[in-house]
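In what follows, chain A forms one complex with chain B and a second complex with chain C.
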Partner chain A sequence: MTKKDKYQKVAYYPGCALEGTGHSYNRSTKAVGKKLGLDLVEVKNWNCCGAMEVKNIDPKIQTYLSSRVMSVAANEMDMDVVMAPCNGCYHNLKKAEYDLKNDEDSVAVVDKLSKKAGHKTYESGQVETIHALDWIKETIGEDGLRERVKNSLQGIKIANYYGCMYTRPRHIFPEKDQGPGSESTSKPHFMDDLLAAAGAENVEFPLKTACCGGAHTLSDSDTSTKLVLNILKAAKLAGAEVIATECPTCHSGLEMHQIRAAEVFGEKVEIKILYFTQLLGLALGLKPRKVGVHENVSDSMGFLKEKGLA
Partner chain B sequence: MRSFDELEATIGALQADPDASAAALSLLRISEEVLEHWVTARGQEPTMEEREGFRLLALHRQGATKEPSFNACRETCREIVYHYNLLHLQPDHEETTDRVEMMKMISSHLLLFVSGKMQVAELGEFCCSSKPIRLNSNNDSEVNREP
Partner chain C sequence: MPIHEKSLIRPENLHEHESLVIDGIDVSGHWSTFIESRVVADYNEELEEEISALPGGEHIHRCWQCGSCTNSCTVNALNPEFNPRYWIYLIRMGMESELLRDKDIIWQCVSCNKCTYACPRDVFPEGVMKATSHWLEKKGHTPKSPSMHFDEIFTEQIVATGKIEESRTMRRFFQRTNQKLMQGWLIEMVKKMIGGLPVGLLARMGLATVIAPRTSNWSAASAAIQDYIDEKHDEQRRALKLQADK
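And now, the complex of A and B:
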């Protein structure tokens, strides 16, 4: 079965962030999926992927938590693909997959906890975890998008920001760096490809995988703000009007620290921040509310109206 | 070695005029110094070797050994090298001023990332699954310590 066919119906794992600060990402992902005729079936009774906090206390508990999500999808829903739009969730499920394939101790811990929790133990290879970018790229692709675009993003200059967890560490993403057609870990381009197909002009953005300071935001807010400020200014210098995101942590970090940079450092950078799914949704003819533009912290409505997208 | 504050101030003061190539070299050297701080703090002698013609890339490799979270600045280092090449090979290009400005931002990003990791103990532990990957897989999980 080709990926195009395999990804038509996937188990959807939104994760915690998409029910909170990243709600507009959740809304726009579902809306775009529906518009494209793709089937999302939410993972039943899903749990936290282990995020960052659990992982740093006991990494094998994180492996278990992520494995439970995959176990539910495979054993209780009979699904073979899990789609996670959040970079943190996507990364953690991929890492759990890697650990369960390569580390006997992880397998033992996951088995013990799964039995204790009363569900089937996830076995490596039962599901394939993909990102929202893989999902749209492989099912619809650039040609399919071009055919479906109703409001071209033509004239909008975009800096595509992927953040750090989408491509790192390399070894948990064996499908990447496999030559033409595959994603690159050093110069990711799937978001660029999709938005270009929707008419946007992507700018050359050297900080596309640089650290957003997301994990430092509470322990050292000033460093986080300065890192974000650099990203915003670099995108602006590159000629972008919009930074497109595909990670709720990066997205909210950019939005929050954009405000903080103005308040604390007196540096106001005028650039819009939108999820790539929001931009695709608008290009496909969806209304701004349908893709949650009103739920973003930063206000992009004036800009979208100016561009004929609202 | 100059302090991080001195390096940050030097980056801020650099100008494309009159010599963009010289500015690019200064930024490359500053970035090397940033990584020297990191390597030295880990009890090692900063390498004088080069990778792909650049000491910066060799220093990054040295700094990332057994420290996967340091790979979060791998592409940043490569972008610094790329911009150095642009400015060194095309010093009179019409976009030279913007290129210097961009290289300043990328160098500044490296400095902020590294100084942030060094300033606050364990800052960056969350990055790139660094801790679990560094942990020996034989390390006992809490689960196995249950009575």
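And now, the complex of A and C:
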């Protein structure tokens, strides 16, 4: 079965952030999926993947939490693909998959905890975890998008920001860096490809995989603000009007520290921040409310009207 | 890119004399700067072993000091004192007192994993940073870092409900670290958020702060996770030769 067929119907794992601060990513992902005729079935009674915090208490607990999500998808829903739009969830499920394939101790701990918790133990290989980018890229692809674009993003200059968890560390993403057609961990391009197909002009952005300091957004706010400022300024210098994001932690980090940088450091950087799914949705002819533009902290409505997208 | 590191000689060990004559030779001024000799006698031979016993520190023995971690480090670019390669060296040498000079910044690792990506020896320096900051806290060299408070609050919430509700995590964090909740920039952000939100979503978010979202049938998983955390906690305290607490 080709990826194109395999990804038509996927188990959807939104994760905690997409029910809170990242709700516009949830809304726009579902809206884009619906518009493209792709089938999302939410993972039943899912739990948190452990985010960036639980591993610091114990990494194997994080492996267990992520494995439970995959176990539900595989054993209770009979699905073979889990799609996670959040970089954190995507990363943790990938990491759990790697650990369960390569580390006996992890397998033993996950088995013990799954039995105690009363569900089937997830076994590596039962499901394939993909990101929302893989999902759209493989099913619809650039050609498919070009055919479906109603409002081209033409004339919009975009810096594509992928963040840390989508590409690092390399070993948990065995399908990346495999030559033509595969994603690159040093210079990722899937988001660039999709938005270019929707008509946007991507700028040369050197900080694609820089860190926004998301792990310490509250516990070491000054560090996070400085890191976000780097990203905002570099995007601005590269000529971008919009930073496209693909992770709720990055997105809310950029929005939050854009405000904090102005409040605390007196540095104001004017640039719009939108999820790539919001931009794709608009290009496919969806109204801004349908893709949750009103749910973002930063206000992009004026800009979108100016560009003829609202 | 060259590896920039700070000078290995600390300013307090450099001595210049305005007027000094030794054996009839004038050694005054900048051209005759003296470096104080230094003897290290307080090696802690267990240091590497102890840090290896904590999660993330397992592979520290593989390091061959190439410095790729420090070169790629996000935090090092903001603060040159933040130097994973140097700390790994100190730990492997057992130079505890030197390591303790930097005890208040090690927790600031942002887990971006650039070091892990760059490391040719699979040391997983990110994990070593976490293990080291845990070691510092467990041994009582530093108080619990804000980051550790956050990790604990986060994990407690998952153990309790299976899911995270962000505003609750945030409130508890500010409470536990004795910070005021209504920081100026946060008020600005909340104002901007509420400005554009539809009533339905606001109501749902308000409700979520009262009734936390939870995974159903979670109690067995919750108990299993808590047991495992406690078991590991005791195991680690034994490895660090600490008394059982509580």
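In this section, the second predicted complex is superposed on the first by the 310 of 310 C-alpha atoms of A that agree within 3 Å, B and C clash if a C-alpha of one lies under 4 Å from a C-alpha of the other, contacts with A are read in each partner's own complex, and residues count from 1 in each chain.
Just so it is clear, contacts are C-beta pairs under 8 Å (C-beta built on N, C-alpha and C of every residue); 3 or more make two chains touch, one makes a residue touch a chain.
Note that the structure is a prediction, hence the values are computed from the model and not measured.
> Quick one: chain B and chain C on chain A, clash or fit?
On the superposed model, which is not a single observed complex, chain B and chain C clash.
> Applying the touch criterion given at the start, work out whether A:Asp103 contacts chain B, chain C, both or neither, answering first, second, both or neither.
first
> Is A:Gly125 touching the first partner chain B, the second partner chain C, both, or neither of them?
Neither partner.
> Counting only touches as set out at the top, which of chain B and chain C does A:Pro174 meet: first, second, both, neither?
In the superposition, A:Pro174 touches no partner, neither chain B nor chain C.
> Could you tell me if A:Leu65 is touching chain B, chain C, both of them or neither one (first, second, both, neither)?
second
> Looking at the overlay, does A:Gly302 come into contact with chain B only (first), chain C only (second), both, or neither?
Neither partner.
> Please indicate which partner A:Trp46 is in contact with in the superposed arrangement: first for chain B, second for chain C, both, or neither.
A:Trp46: touches chain C, not chain B.
> Specify the partner with more touching residues on chain A, choosing between chain B and chain C.
After superposing on chain A, more of chain A is contacted by C.
> With both complexes superposed on chain A, which partner does A:Gly213 reach: first (chain B), second (chain C), both or neither?
both
> Can A:Gly285 be said to touch chain B (first), chain C (second), both, or neither?
neither
> Is A:Gly155 touching the first partner chain B, the second partner chain C, both, or neither of them?
neither
> Of the candidate stretches 76-84, 94-102, 166-174 or 238-246, which in chain C collides with chain B after aligning the structures?
After superposing on chain A, the clashing stretch of chain C is 76-84.
> Output the chain A positions appearing in both contact lists, the one against chain B and the one against chain C.
52, 55-61, 64, 109, 112-113, 164, 168-169, 210-211, 213, 215-216, 219-220, 223, 226-227
> Which residues of chain A touch chain B once you look at their complex with the stated criterion?
Listed in rising order, the residues of chain A that touch chain B are 52, 55-62, 64, 91-92, 95, 103, 105-106, 108-109, 112-113, 164-165, 168-169, 172, 186-187, 206-211, 213, 215-216, 219-220, 223, 226-227, 230-231, 233-234, 237-238.
> Would you pull the chain A residues touching chain C in the complex into a rising list?
Of all residues in chain A, those touching chain C are 16-17, 19-21, 23, 45-48, 50-61, 64-65, 68, 109, 112-113, 116-118, 164, 167-170, 185, 210-211, 213-216, 218-220, 223-224, 226-227, 255-256, 259-260, 263-264, 294-299, 301.
> Across the complex, what residues on chain B touch chain A?
Contacts found on chain B: 68, 71-76, 78-79, 82-83, 98, 101-102, 105-106, 108-109, 112-113, 115-116, 119-120, 123-129, 131-133, 135, 137-138, 141-144.
> What does chain C use to touch chain A in their complex?
55-56, 74-75, 78, 108, 110-114, 116-117, 124, 127, 130, 134, 145-152, 154-155, 158, 162-167, 170, 173-174, 177, 184-185, 188-189, 192-193, 195-198, 201, 205, 208, 213, 215-218, 220-221, 223-225, 227-229, 232
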